[in-house]
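To keep things clear, I will list the structure first and then write my remarks on it.
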Amino acid sequence: MVNADFEIRRSLLVGETADVYLQRTLTILRNEGVNPVVALEFSPRRAGIFCGITEVRGLLSRVLPESGIEVWALSEGDPIEAGEVALRVKAPYSSVGLYETAISGILAQCTGFASAARECVDAASGTPVLALGARHVHPDVAGILGYSAIIGGCVSCSTIQGARLAGITPSGNMPHSLSLLLGGTVQAMEALDKHMPQEVPRVALVDTFRDESEEALAVSRVLREKLRGIRINTPSTRGGATPDLIKEVRARLDLSGFRHVEIMVSGGLNPERITEFVDAEAPVNTFGIGAYIAATGPNPFHVDIHEVDGRPVARKGRIPGITNNPRLGRVM
Amino acid sequence: MVNADFEIRRSLLVGETADVYLQRTLTILRNEGVNPVVALEFSPRRAGIFCGITEVRGLLSRVLPESGIEVWALSEGDPIEAGEVALRVKAPYSSVGLYETAISGILAQCTGFASAARECVDAASGTPVLALGARHVHPDVAGILGYSAIIGGCVSCSTIQGARLAGITPSGNMPHSLSLLLGGTVQAMEALDKHMPQEVPRVALVDTFRDESEEALAVSRVLREKLRGIRINTPSTRGGATPDLIKEVRARLDLSGFRHVEIMVSGGLNPERITEFVDAEAPVNTFGIGAYIAATGPNPFHVDIHEVDGRPVARKGRIPGITNNPRLGRVM
Amino acid sequence: MVNADFEIRRSLLVGETADVYLQRTLTILRNEGVNPVVALEFSPRRAGIFCGITEVRGLLSRVLPESGIEVWALSEGDPIEAGEVALRVKAPYSSVGLYETAISGILAQCTGFASAARECVDAASGTPVLALGARHVHPDVAGILGYSAIIGGCVSCSTIQGARLAGITPSGNMPHSLSLLLGGTVQAMEALDKHMPQEVPRVALVDTFRDESEEALAVSRVLREKLRGIRINTPSTRGGATPDLIKEVRARLDLSGFRHVEIMVSGGLNPERITEFVDAEAPVNTFGIGAYIAATGPNPFHVDIHEVDGRPVARKGRIPGITNNPRLGRVM
Amino acid sequence: MVNADFEIRRSLLVGETADVYLQRTLTILRNEGVNPVVALEFSPRRAGIFCGITEVRGLLSRVLPESGIEVWALSEGDPIEAGEVALRVKAPYSSVGLYETAISGILAQCTGFASAARECVDAASGTPVLALGARHVHPDVAGILGYSAIIGGCVSCSTIQGARLAGITPSGNMPHSLSLLLGGTVQAMEALDKHMPQEVPRVALVDTFRDESEEALAVSRVLREKLRGIRINTPSTRGGATPDLIKEVRARLDLSGFRHVEIMVSGGLNPERITEFVDAEAPVNTFGIGAYIAATGPNPFHVDIHEVDGRPVARKGRIPGITNNPRLGRVM
Amino acid sequence: MVNADFEIRRSLLVGETADVYLQRTLTILRNEGVNPVVALEFSPRRAGIFCGITEVRGLLSRVLPESGIEVWALSEGDPIEAGEVALRVKAPYSSVGLYETAISGILAQCTGFASAARECVDAASGTPVLALGARHVHPDVAGILGYSAIIGGCVSCSTIQGARLAGITPSGNMPHSLSLLLGGTVQAMEALDKHMPQEVPRVALVDTFRDESEEALAVSRVLREKLRGIRINTPSTRGGATPDLIKEVRARLDLSGFRHVEIMVSGGLNPERITEFVDAEAPVNTFGIGAYIAATGPNPFHVDIHEVDGRPVARKGRIPGITNNPRLGRVM
Amino acid sequence: MVNADFEIRRSLLVGETADVYLQRTLTILRNEGVNPVVALEFSPRRAGIFCGITEVRGLLSRVLPESGIEVWALSEGDPIEAGEVALRVKAPYSSVGLYETAISGILAQCTGFASAARECVDAASGTPVLALGARHVHPDVAGILGYSAIIGGCVSCSTIQGARLAGITPSGNMPHSLSLLLGGTVQAMEALDKHMPQEVPRVALVDTFRDESEEALAVSRVLREKLRGIRINTPSTRGGATPDLIKEVRARLDLSGFRHVEIMVSGGLNPERITEFVDAEAPVNTFGIGAYIAATGPNPFHVDIHEVDGRPVARKGRIPGITNNPRLGRVM
């Protein structure tokens, strides 16, 4: 069930992104005629949500020989403990050694993103969470960010690439630019409604110019039943969105008869701030998370040889021999 | 002086890694016949070392029209303040709007890496610093990591791609695997010495099996003058490398006449731990940094329209009009 | 130079607000025929700005005999140290004993208010400070609050009584009610301008309905040169006023040509928050302080007999005899 | 059941203690011919014990018209939550607008005092608590302090005025002065016993000159059965009263046969220190509280218009319309 | 059941180690002809394990008269509360007064050692604990240290004297010196095995020269079944012993077939660090504690006269009369 | 200049207080015929005041051979750094090995006491400090405690043995017992004055029964010029002695003409509390320190072999070879 959409770049395959000493090691071992079957184990430094194994399996299926190998792993999205073995590859060293850097990098980065997403999803206690942080990472991993966040529990992400990797539809409404260029939020939403197909939900960003509840009411009065929701993204220079603000906007919308208009909150959210909204019972319909997921660092993976041609070995500081973990399933 | 080596991927150019609402905004504006010249300003949330502008300029040179535009920016590697405008693009919205996500993503990620590298370099007070963290990031940004770390002040990095982007030679010695597969550190270094060209420095990793100073002496006795140095990377399960350990290994090497053998320290280093070594006057010749640089999150960039067809505008919470910054230079 | 405006109430003179045991003590001593000349010393628990002596002198001039007495005191508004003697009354016990409660109460409360005001004034570093907290204290001390705040350095207060005691003009602009009842801030200011004499400054409260800078511009466009300033009192449910908000409003007013319109900030201010505005160089013209001054508790005063008919005495825990303090001046 | 004893001063009725902008607002609205029925809601910033409504009702009965109004409120002494509506006045703005400052001031100050008293009463776990802090507040609110403390749960207070407002008898024993002027605590108590009527309890302050237990025994030996109790008020320069001291004095009194002599403790007490006595099971018969209640600041009340002529309205940051609170009862 | 082994030194008996004012007091009282029977009570400042009473009883049996006395005490090793009376001596002052210093000193020091030992024993949750800290105290109390630690729950101590006082066998293995002087740990253990009687357990200190697990395996391979265990005492300059290190050494011993070799851990242990090993389920067979027990200060004892010739008395700050404690038993 | 008064006990000489493995090591080495000259170095864990070397030299002069040895050391009372070598013994292992435990124990305990004393002396800024804590340590080290405290800077100690070791006169006044047994402090001092020789200073403990200043005045009135001073040792149940109490007692003594009476303070003092008295300029003439010095734990000493028959060696974690320290002087 490997997803074909994970493109394996040439630079990875030829080892340009590997630690250079791995290249040298392959040369030395070939010259020495040494090529045992090794058992490599990968385990994360911190607990979290395991992610990246789909892409890693795509890579391994390209580089490992067809027989004489074993790959054991947890599944994409499984919870994982600190130090738990999440992936074990048994293969001739010459076929896997060069990819140690790439495999641990993919797992570290994806597991980091997915774990941060899960923290937000847990804090939201059932309210849907969107991943919006593509603007905080290099475009070459923007798709990976969206994919991993969805593995972690987000309902969607903001990029086409991330959504396609995860097999769903991307999510978005309108940028501040649209209001600024068309002269107002009402004008922006009228234009959006005129030119966008029906399946694009009409969601207005209501903090561009005026007070949030004023602008929410103005847009509601114009789009009426067609308005799906509003997004409140108040900048921190204006105090950010607060539970009380959401309650007030909800009350003013309801008083004017716009009970169907949903409220999405974004802007500097993290698990602690989400919890404040949940604890205050603020009527939020969707949370949008940007930097928290994108800026959570990778969860580094240890990589260690635990067996050489069937003999238990280990460098100092590790326990020799295969590490028992009944949760692993054989995947190759 | 744009570096041709930054490959601009197709997915970026067609907007698959952009926030999807930017795609929609372009459609709406085209249908409405609206396409003003806008001034977009990019500024980081935190202070640091500005990085990524070389790659961004490569992108802009591909997508902006040849005339009627202005691009002002700080230089690669400049220090930058929180909130300071680091890049200003004046161009028709239709040519730049779709790339807002990518530009801020490149700057956020590269500035994050470069700033973390600089913290280490500053802490090291003149001792050279290597960037080793490729194993902690997705291979698609492993080169970017190495490049940014070098912009931040590292003397080299561990990947071929990162080093090539920065125009230098990659750096590496040997992995634990080599000792494990060849049966010992001495054997590993003998093989390395036999098969590697002269320009690869002989640096032995001495914590694989035995006590660090024992192993350092054993390797020294075999390679003698050819040994350039040793690397101590003691795992935290054995207490990690400490200033006292380094002093003791230095003393034992000197007592045995190996004053020419250099000591490189790595393993869980960060600015605080580097400072401990420096304050203790531990005789370290090189620091190798892995996770600290790789796991430091991006430094998010704000992107805001401050002018539309020459008129000062701004969304609520920003000050309308071009933001004055005499440090910016015109680059396009 | 005792100010005639401090009304001495009958309940104070007859001792209804005194600790009841003082009443009993007077009876006992009279029956015993004991009435020595005592030296009573008053000293505050904490450092601060001494206030209330004007009212106390008014009281003493009503109740002390014309001769055979001595009153030494610091002046209204003097800085005072913790434990420093601020007032010494030498008089027959029968004429002063009953008023120990009232004198220490006046000094404690007024010194508490004046000291809190001074903290704000010091934090404001030259920007004028108004005392607005009458709504937080019982109306019977609202005038005392305003008076004490002015002694502490405020330029004015919000009540007629407080201002009259201090010999200045009260200060105020408009309540939220006016906007709510007349349907908008612009309407409110037009009405105020129509019906108020010229000497009442036109200052608009701009956070009643809409975004502060929108409303500030709307009012400015109508009153133009006649508008003296605006007051920003954003409720904490909207994040409160921030230095960045003030800078943005100032920039938008200036861009529209309203450089003469001043900005007053109020709402939950205290010395720490004032310092944030000052450190950020936010262009504030006046600070308005409510609860901080009003809610700072009194600074309790110790009252002790240190001499009886010229003999040094003291209760346990105090040092017998007159306490030397060269800063005291004889006032009666 | 409004208590006739709350004197409404002329300065309050004519608005001299009101914020001056309320005076101006009345003038403007009269000139504009605007006088709607408004619903004003009062709610405290912090949780506590609601107090002051008796005095407020006395004021409203003087200034509101006889018909066409509604007043809803909690009862004197009710517990109240932060932000809960405690008082709602529906009346023509012209009859109530001027008194917004006074009403919120009375409620803020009285609720502050009563809440602090309740904290002490709760900490005392059944041991009676007296309010002694008149010497820390201006004499114009000394009665209000005593009244509010009794509403909060104190069994009595030290001033005649406070006790009369609450309909009880004031409480007091003897000041240090009496011992100092009569030459000793024994002499002071003999004189008090000779000249005071039987209903004044004989309670000796035993820390004026000598060790507390020595002095307690000396007074007990003289007054014997007539001695009701002793008060220990050790100054902090002598370590203050401690649970161990109380236990020791109790033991020495009991050993000498004075089991009937009660012990009252005072001097710098607050809920934390009371809890120490209670937790240590120190045999205290009464706690006397001075500065803690008097120096606790007011609990500020928000005042907001939520309805104008039956229409839900509210300033930004508040929710329009009457706030539901089933705990309110109609009082006018 | 007083243990004859506690030697009472002459300097103690003649009062050379007593506070000199006790000598003077005896002289004064003799000259005045005053020698009442007093009740002296001893109580510790902190809770802990009571120790020293055996030695104190030996002293009292030397100095008290044979009749007319009473001694009540807790038993050696009883838990004790802060302030609880642990010893009461009723005797003529002339026979006991001089020994107040010595009795409280013995109890304070022994109770301090025993209590610290008990903290370690409790933390170890059933794993045996040895007391090794003789090198941290003056040799004149080294035996007392070992004895008290065993009373506190340790299974043995490192000195002959301490073990003899407690009636058990001392415990020890080998010092680093032996390896250094014989040229290696293997040589040291071979020599030890050759020259020591069978009842001395063969326990090797394995951190003198090489990596702990290397050295453990080397010694195991030579002594095989005769090896009882290894001791790991890694210096803090090498990170100290950690739970992970113990697990790894255990695993490597087991892999090589040395399951019978026990592991003893020592070096900077305290209750917190022991708890870390226990919580991590590290396979430790014995904990050795040095400085923690030896460096824990004495638990000071208060000594107070509570009765003189049957009359309850006490200095200020104490409660007169015998203090009730049903846990005391009469021992003389 | 070794002081003959340090008695070397038999149990020490025969090794009963040594770690038992040292006994075994001597046996093994003798049987193996191994007895090299070793260089043993002793260094403390923490900085402080070096103490115990006099006693150690007495021991070494008993056990080392007359020639072929070298002993280098700091002097008694020298300041010492953490980790600094304070003593180096070069001798045949057979003559010194058994005494490693005793030497480090003497140095650890004495250095601990002396360092704590010095902290108090430093805090006292010139006011003399007495060491009174014999009651907190085992009588077998009470003399060592006093001696070490005097080396640390105390002017005297309370035991005859401690004072004799240091070559000075012990110091003491009177215990609470004397007042309790003679019925009062005045009676106690009259008896002391009657029976003690002139050279014993008359210093009264004034907190036994009554208020300190009362009792101080009472004693002063009786002994007048003969009274040297008073000691205030107020128990913590009465708040302990405070700077304000000392000032008050001084003032009351001076007012009554007793300017010659000195004030000594004791009871729970430590460097922090001493500093409070000094900072408050309380008129203290002497500080008496009990538990702080006695209860400060030993300062553990590392002992390591750094040379064997002239060859640099060291266990892992130490640097081989003699450690250079120019501050050491040759003493044997």
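We call the chains A, B, C, D, E and F, going by the order they appear; numbering starts again at 1 in every chain.
The definition used in the following text is that a contact is a pair of C-beta atoms (placed from the backbone, for glycine too) under 8 Å apart; a residue touches a chain by one contact, two chains touch by 3 or more.
Worth saying up front: this structure is predicted, and the values here are computed from it rather than measured.
Asker: For A-B, which listed pair, C-F, C-D or B-E, repeats its interface with over half of the contact pairs the same?
Answerer: Copy of the A-B interface among the listed pairs: C-D.
Asker: Looking only at C-beta pairs that count as contacts, which pair of chains has more of them, A-C or B-F?
Answerer: Pair with more contacting C-beta pairs, A-C versus B-F: A-C.
Asker: Counting only Cα atoms for the centres, state how far subunit D is from subunit F in Å.
Answerer: For subunit D versus subunit F, the centre distance works out to 56 Å.
Asker: Can you work out the whole-Å distance between the CA centroids of subunit E and subunit F?
Answerer: So the centre of subunit E lies 22 Å away from the centre of subunit F.
Asker: Taking each residue of subunit C in turn, which ones touch at least two of the other chains?
Answerer: Counting only residues that touch two or more other chains, subunit C contributes 209-211, 234, 237-238, 244-245, 248, 316-318.
Asker: Which of the residues in subunit F come into contact with subunit C in the complex?
Answerer: Per the stated touch rule, the residues are 211, 213, 244, 247-248, 251-252, 255.
Asker: Which residues of subunit F touch subunit E in the complex?
Answerer: Against subunit E, the touching part of subunit F is residues 9, 11-12, 15-25, 27-29, 31-32, 34, 36, 38, 93, 97, 100-102, 104-106, 108-110, 112, 132, 134-144, 158-161, 163-164, 170-182, 191-192, 194-196, 200, 207-210, 234-235, 237-238, 290-291, 294-298, 300-301, 303-305, 308, 313-318.
Asker: Which of the residues in subunit F end up touching subunit B in this complex?
Answerer: 312, 316-321
Asker: Quick check: in the complex, which residue numbers of subunit C touch subunit A?
Answerer: Against subunit A, subunit C makes touches at 209-211, 214, 234, 237-240, 242, 244-245, 248.
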